[in-house]
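Labels for the chains are A, B, C, D, E and F, by order of writing; each one numbers its residues from 1.
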Amino acid sequence: MGYGDVQMIDANGIRNDGRKAGDVRPISIELGVVPVADGSCRMKWGSNDVIAAIYGPMEAHPRKIQRQDRAVLDVRYNMAPFSTSDRIRPGFNRRSREISKVTAEALESVVMLELYPRSKIRVEIEIICAEAGTRCVGLTAASIALAHAGIPMTDLVISVASGKINDVVVCDLNKSEDNYGEADLPMGILPNTGELVFLQMDGNLSQEEFQEAWDYNMEAAMVIHEYCVEALKTGRYPQ
Amino acid sequence: MGYGDVQMIDANGIRNDGRKAGDVRPISIELGVVPVADGSCRMKWGSNDVIAAIYGPMEAHPRKIQRQDRAVLDVRYNMAPFSTSDRIRPGFNRRSREISKVTAEALESVVMLELYPRSKIRVEIEIICAEAGTRCVGLTAASIALAHAGIPMTDLVISVASGKINDVVVCDLNKSEDNYGEADLPMGILPNTGELVFLQMDGNLSQEEFQEAWDYNMEAAMVIHEYCVEALKTGRYPQ
Amino acid sequence: MGYGDVQMIDANGIRNDGRKAGDVRPISIELGVVPVADGSCRMKWGSNDVIAAIYGPMEAHPRKIQRQDRAVLDVRYNMAPFSTSDRIRPGFNRRSREISKVTAEALESVVMLELYPRSKIRVEIEIICAEAGTRCVGLTAASIALAHAGIPMTDLVISVASGKINDVVVCDLNKSEDNYGEADLPMGILPNTGELVFLQMDGNLSQEEFQEAWDYNMEAAMVIHEYCVEALKTGRYPQ
Amino acid sequence: MSIPLVPQLLRSHLTELADNDQRLDGRGQYEGRDLELEVDVLANAEGSARVRMGDTIVFAGVKFQLMTPYSDRPNEGGLMCMAEVRPVAGRQHEAGPPSAESIELSRVVDRGIRESGCIDTSDLCIIPGEKAWQVILDLFAVSDDGNLFDAFALAGIAALRNATIPQEKFEVGEDRKLIVSKTPIMCSYQRVGGRFIFDASGREELGGDERIHITLGDDNNVHSLQKGLKGAFTAAEFKELMEEARKKGDELRKMVHALDGGN
Amino acid sequence: MSIPLVPQLLRSHLTELADNDQRLDGRGQYEGRDLELEVDVLANAEGSARVRMGDTIVFAGVKFQLMTPYSDRPNEGGLMCMAEVRPVAGRQHEAGPPSAESIELSRVVDRGIRESGCIDTSDLCIIPGEKAWQVILDLFAVSDDGNLFDAFALAGIAALRNATIPQEKFEVGEDRKLIVSKTPIMCSYQRVGGRFIFDASGREELGGDERIHITLGDDNNVHSLQKGLKGAFTAAEFKELMEEARKKGDELRKMVHALDGGN
Amino acid sequence: MSIPLVPQLLRSHLTELADNDQRLDGRGQYEGRDLELEVDVLANAEGSARVRMGDTIVFAGVKFQLMTPYSDRPNEGGLMCMAEVRPVAGRQHEAGPPSAESIELSRVVDRGIRESGCIDTSDLCIIPGEKAWQVILDLFAVSDDGNLFDAFALAGIAALRNATIPQEKFEVGEDRKLIVSKTPIMCSYQRVGGRFIFDASGREELGGDERIHITLGDDNNVHSLQKGLKGAFTAAEFKELMEEARKKGDELRKMVHALDGGN
C-alpha cells in the first residue's frame, strides 16, 4: 500500500487521468449482449469491460437447494483468464468466491424472490477486462441485467468505490490509483432510499476520511443511476 | 514432429520392423480375461496390451443420468501408471477424457441402446502397456467385449490408424514411427457397411495422402475383423 | 527408523521422561468441552491434546448412505494445521483417511447401531496438539464422547500403543521415542472382555517382542479404563 | 428465447425441413450465418478477437508467460489452448470443472492450430534450455447458439495473428509481433434431419446427430479431423464435406487475412 | 442442545423481544457474552490463543514457514490467514472443501489484521530476494454458537502477539518475538428482530438478517468493513454501529494488552 | 457371474457352512485358492508381476523417477506404493478419487514392504543431497473376487524383485537390478460364519466380518498388522492366525524365491 514519491494528484486536485476528486470514469452500457440469455448487460467503466447475464427464473435443482417460500439467486463473479495483466488460471479462486457471495447477498436484498418459490435465478458476471473496481461494475451490471430480464426488484443497486491516494480522498479509483492507493471503500447503494446492500472496505481511513469517501460514493451513485435508467429505456447509454 | 535424418523406411518400402506399408502389427485376442465382468477381452496389438471389460446392463443411478428411451453407455479409457515409458500419475487427464468421449460416441452408434431403457452399460478400457494407437486398440477391444457380454449391436467397430513417415503413407504406426511420424489418422469402421463411427486426425496430409491413409485403414479393418470374428467364435485368436 | 547412538533408556530401564517400561504418560479427561455437541470429550495424554465431539443420532442424508437396519457412523480424524511441528495443510490427507476408516470400524464394533435404523451418528476427532499416539488418543476420546452423548455401547474402547526403542519394548511411546523407535503396535481394547476392535502395527518385532508389547497394551488399557470411568462419573479426570 | 421444442418433435420438424432442402432459419445446406470478426478488442490481452456468428458470440485472448523449455526440446517455447464454456454462455451450461465437451473443444481447436505449423515454437525461445515464451490462447464463449467449434477456431487464429509478444514488460527485449505463418480454418458439419449442414445453430444441434470437424491449412492440407456424437457416416458423405470445407475455408481465410493485410 | 425453533417462529419471537429491547439470553442490545481469552495454549504452535464467548469456542495458532519473497517485494515476508470451520464445531457444519462462509471469515479477519499494518512485513525478511518468514495464522472453531467473526479476530490478534519466530529450529538466528505493533479489533453486529445487536448467538444468527463487521485500529481508524447476508441498512444505522464499535474496541483492546503488558 | 445372494441370506449360509467346517468353494479353513505368479509381464514397466488367485487378478508395475533427497535424509532415495482399484475390477467399484478402501490397501501393502527393510533406501542415492531414485510400485486390480490385499502384496514384492533400475535411460550409469534383500509376505484372514478363514473370496467378503492382515519377514518377524472392518476378536484367535501366517508365509516366500533363484 506504500506509494513512495509517486504523485497521483496535483496541487490543483487534478488526478492523473484529468478527473477531479469526485468524478467517476467514463461509463457506457449496452443491453442484450448475450442473445441466448433472459437478460444481459455489458458495462464498460474506465477500462473495465464486464458482461452480466441472467437465466431464469427456472426450476431449482437439485431439489435440496430449493426454498419453499422464495427463489434462490445463484450468482457467479468470474474473471476471464485474459482479463488482467497476468493471466488468471481458470478454476477455484477464493477472492471470486467471496465477491460472488457478497454480490449475491446484495442482490437478494432487492430482488422480489418471494414471487418465485422453489425456483432459481442465475446471475453470471464475467469480467473480460479488468481495470479497478470490478466488483462494483459487476454488481451494477448484474442489477441492470436483472431489470432487463424483467425480474421484479424494489430498486436497482448502484455500486461505486471511493478511496484514498496521497492522503487525499477521491472517488472511483483507476488502476494506477488503486495500485498506489491507501484505502478502498466499495458500497452498493439503493438510489431510491439511499440504503446500502453492499459494503466492504480495506486500508486505512480516519473517521473523517471515511465520511468523505462515503459521501463521494453517495453522490456518484445518483449520477450513475441516471445512466442506468437511460440504458434501460433505450437499450444503451450513451446513445 | 520433425524426424531429421532418421530413416524409418528403406528404399524397398520395408519398415523398421519388417512390415510393408499396408501391414498391421501382430494381433492376439483373448476373451473372458476379467472373470468377474459380464464380458471382457484382452487385446495385444504390437506391444500394446489392453483389457476391456463390460458391466451391465444395470440400473442407471443416480437417476438423473437415466434416459427413458435407452441405455446410457459409461465409457472410461484409462492408461495404467506403468503403461508408458514415463509413469502416468493416476487421476484426471484431459487426453483420456477426450478419448473416452469419442470412444463412447463411436460405440453408441452400434449398441442397440433402445433395448435397455433407463439402464446403464459400463465399458472399462484399461491400457496396461502402450505402444502406439492405444485408442484404436481400446475401441476395437471394447466392441469385442460388448459382443462377448451378449450386448446386441448392429456391427462390431474395428479401429485402426494410418499415418505418414518420411513422406510415405503407411498403415498402423508402431512406437518409433509414431514418434517421428508426420500425421496420424485413426478411424473406427463398421466392417459390414464400411461406414465410420470414429474419426480423428492430426498432422499434415495432402488430399492425396489423406485418401491413401483412408484406404489403408479400410483394408486393414477387414483383415482385423476376421481375427475378431474368430476370437468371438473360439474365445481367442490366434488359436 | 535408525537411532544411531541415541540412548533413549538408561541401564536401570528408566526412559528419558522418567517412566519405567510399562508406564503410560499422564492423562487428563474433560467432558462437555464442545457445548453445541450432543457429547464431547477433551483428552490430554502426554502433550497430545484431542477433542472428540458427537452429533446425532440424526437423519442420514443423502438417502443413499442410509442403512435400513442400523445407523451409520461418520467418523473423521483430523489434525489441526497448528497441531504439529511443521504446519499441516488443510484438506485431503491419505493418512487421516486411513485412520478415520479403522477408527470408524473399531467404534462400529461396540456402538449398538441397530437401535437407530436409517440414522447417522457423526464422530469428530480433532487433534489440536500432537505428540505421539494420536490415533489411540482419538479413538479412546471418541468412545468416551459417545458415552457422554448417551449412545448405547457394549463397551468403551481403550486404545494404547507399545513399541520398541533401543531394542527394549516399552509402553506408550512419547515423541522422541517415536522418532527413534523401531516399532509401534497400537491396539484398541474392550476392557470388559479383553477383545480387540482395533489393531495396527509397523516396524520390526520378533514374535517374543510382539507378545511383550501386546501384554503392555493390555495392562495399560485396564489402568486407562479406570480414568475413563471416573471421568464419565464426574465429568473430568483427575478431579 | 423461444421455448425449445421437445427433442423428438424438434427432430421430426428438422427431418421434414431437410426433406425439402430447408433449414429452421431459411439458410441453405452449406450456408453459414451472418458473421462478424473483430480483432484487438480486449485491452489486457496481448492479442484478441471477437467472433459473432448469428447469436453465437465468443472472444479469444492471447497471453504470454515465461517457461523453462522441456529438456528434450531446449530450443522451443510452447503453445497452450484452453476453451471455457462458462454458464454465462447458455442455460444448459453449468458451473464446475471442465466438461468433456469443453475439453474436446479446446483439444480439437488446439490440434488444428498446432498441426498447421503456423507457429514456429523455436521462434519462441529466448535463452536455449532456460527461458522461452509460452503462448496461451484462451477461448471464451459469451453466447452459445451453436457451432462453438468454428467460432473458437476462427477467433483463435485471428487473435494469434493479432498478438504482440510483451517483451518489454518481461524485460527481454522490445515488443514484437508473434509470427503466425499460416491460417488454419476449421469447418464443422452436423447431421441434421438426415443430411449434413454447415454451421449448425443451437436448435439444430439439439435435434441433430453426429458432427464432423475439418481443419485445413493454406494449401488445403488436412491438419485435424474429429467426429463427435453418436452416428455413422459414409465415405461418400465425408468426401462431399471435405470438398465443401475447402471452399468455405478459402473464404474464411481471406476474411482473416483482410484484417492484417495477409501478415 | 435445545431444538431450534422453526425459523419463522424464531423470527417472530426475536422481533417481539426486540420490540421490548430484550434478547433471548437477557443481554442488552450491545452487550457481549461472557468472554474468556487465554494465550499460549497450544504446545506445537509458535503462538496461540483460545477465545470463549458464551458457548462459542475457538483456537488460533501461529506457524512460521520459510518463503522466497515475491519478485516485486524482495524485502518482505508474508502473512496468511486461514479459517476452518470443521464439522466438529456444529451440527450445521459439513465436511468438504472450504465453504463460501469460511472463505469470507478468513478473508475478513485477514484484511482487518493486514490493513492495520500491525505486522511490518519487511521485518520478516531474512535475506532480501532469497529468504523470508511467512506467518500463517490458522483459526479453528471448536464450538460455534454464533459470532465466529469476532471470536476469530480476537483469538487471531492475541495469538500473533503471543508468537515467537522459531529462528533456531530453522537455523537462521536466535528465537525472537514476532513484532506486532497494533491491535486491530473487529466488532460484528447483526440485524435481529429489526434492530442491530452485538455478538449474536447461534439462535440469533438463525433468525437474523444482515451482518456488519467493523475492524478499527488503535487510533480508531477504519481498516476493514464487510456487510454480509441479505438486507439493507441506512446511513444512520451504520453511524450508530461505528460509534459502538469504537467503544467496544477500546474495551477489547485493553483486554488483549493486559495479556502481554501492552507489548 | 452368478447373482449375489441377499447379504442376510448369504451370511446365514456361510454360518451354516462354517459350522460344518466347510466353505462355499469347498476349500479348507486355511486353504488358499489356486495361485499363479508370473513376473516380467509388462513391457513398459521396469519390473512387473501378475498374480491370479482364483478369479482375483492383479498386476504390479515398478517405475523409477529421479528425486531430490529430503533435506533430513540427503543420502536416501524413496519408495512409494500406490494401489488403484478402478471400475474395471468389479461391478461394485466406482470411478472417482481414491476410496478409503484403496488408500488402506496401498498403505498396508506399503508398510509391510517398507518396514521389512527389504529395500535399502541409501542404495538409491545417486548424488547425496541432489539426486536419488524414487521407486514407485503401482498395484493395479484387473478382477476383484476377494482378497486384493494378499494379491497386491505378493505381486508387489515379486515386481520389486524383478525390477531393473533404468540408469541408462536417465544417463546415470549402466542399468542394474534393484537390490531387494528380503521377502515380506502378507497373509490375510477374514471372519466368515464366525471363524477366521484364509484368502476370502468375493462372496465370503460380502458376507464376512472383520479382516486381519499380517505381514511377516524372512525371519518371521512382524512388520505390519492391520485390523479392518467391524468386529472384535480375541487374543486366542489372533495367536492362531499368527501361527498360520508363519506357515503360509514360508510357503509363499519360497514361491517368490523360485522365480528369481533366491536373488
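Here is the rule we go by: a residue touches a chain if its C-beta (ideal position, glycine included) is under 8 Å from a C-beta of that chain, and two chains touch if they have at least 3 such contacts.
Computed from a prediction, not measured in an experiment: that's the story for all the values here.
Undergrad: Please report the smallest number of touch steps linking subunit B to subunit D.
TA: 1
Undergrad: Between subunit E and subunit F, which partner chains are common?
TA: A chain counts here if it touches both subunit E and subunit F, which gives C.
Undergrad: Could you tell me the distance, in whole angstrom, between the mean C-alpha positions of subunit C and subunit E?
TA: Their C-alpha centroids are separated by 32 Å.
Undergrad: Averaged over CA atoms, how far is the centre of subunit B from the centre of subunit C? Could you give it in whole Å?
TA: Using C-alpha averages as centres, the distance is 52 Å.
Undergrad: Based only on mean CA positions, could you tell me how far subunit D sits from subunit F in angstrom?
TA: Chain centroid spacing, subunit D to subunit F, equals 49 Å.
Undergrad: Where in subunit E do residues touch two or more other chains at once?
TA: Answer for subunit E, listing residues that touch two or more other chains: 97-98.
Undergrad: Mind pulling the subunit B residues that touch 2 or more other chains?
TA: Subunit B, residues with two or more chain partners: not present.
Undergrad: Mind sorting the chains in ring order for me, with subunit B at the start and subunit D directly after?
TA: Listed round the ring from subunit B, with subunit D adjacent next, the chains are B, D, A, E, C, F.
Undergrad: Can you list the residues on subunit E that touch subunit C in the complex?
TA: Residues of subunit E touching subunit C: 1, 42-45, 48, 55, 57, 59, 61-63, 65, 82, 84, 86-91, 95, 97-98, 136, 138, 140, 142-145, 169, 202.
Undergrad: Taking the touch rule as given, give the residues of subunit A at its contact with subunit D in the complex, in rising order.
TA: Interface residues on the subunit A side: 33-38, 47, 49, 51, 53, 55, 58, 76, 78, 80-85, 87, 90-91, 122, 124, 126, 128-130.
Undergrad: Within the complex, which stretch of subunit F touches subunit C?
TA: Residues 97-98, 100-101, 103-104, 107, 111, 114-117, 210, 212, 217, 219-235, 238, 242.
Undergrad: Applying the document's contact rule, which stretches of subunit C touch subunit F when the two form their complex?
TA: Of all residues in subunit C, those touching subunit F are 1, 92, 94-95, 97-98, 100-102, 105-106, 108-110, 185, 190, 193-207, 210, 214, 218.
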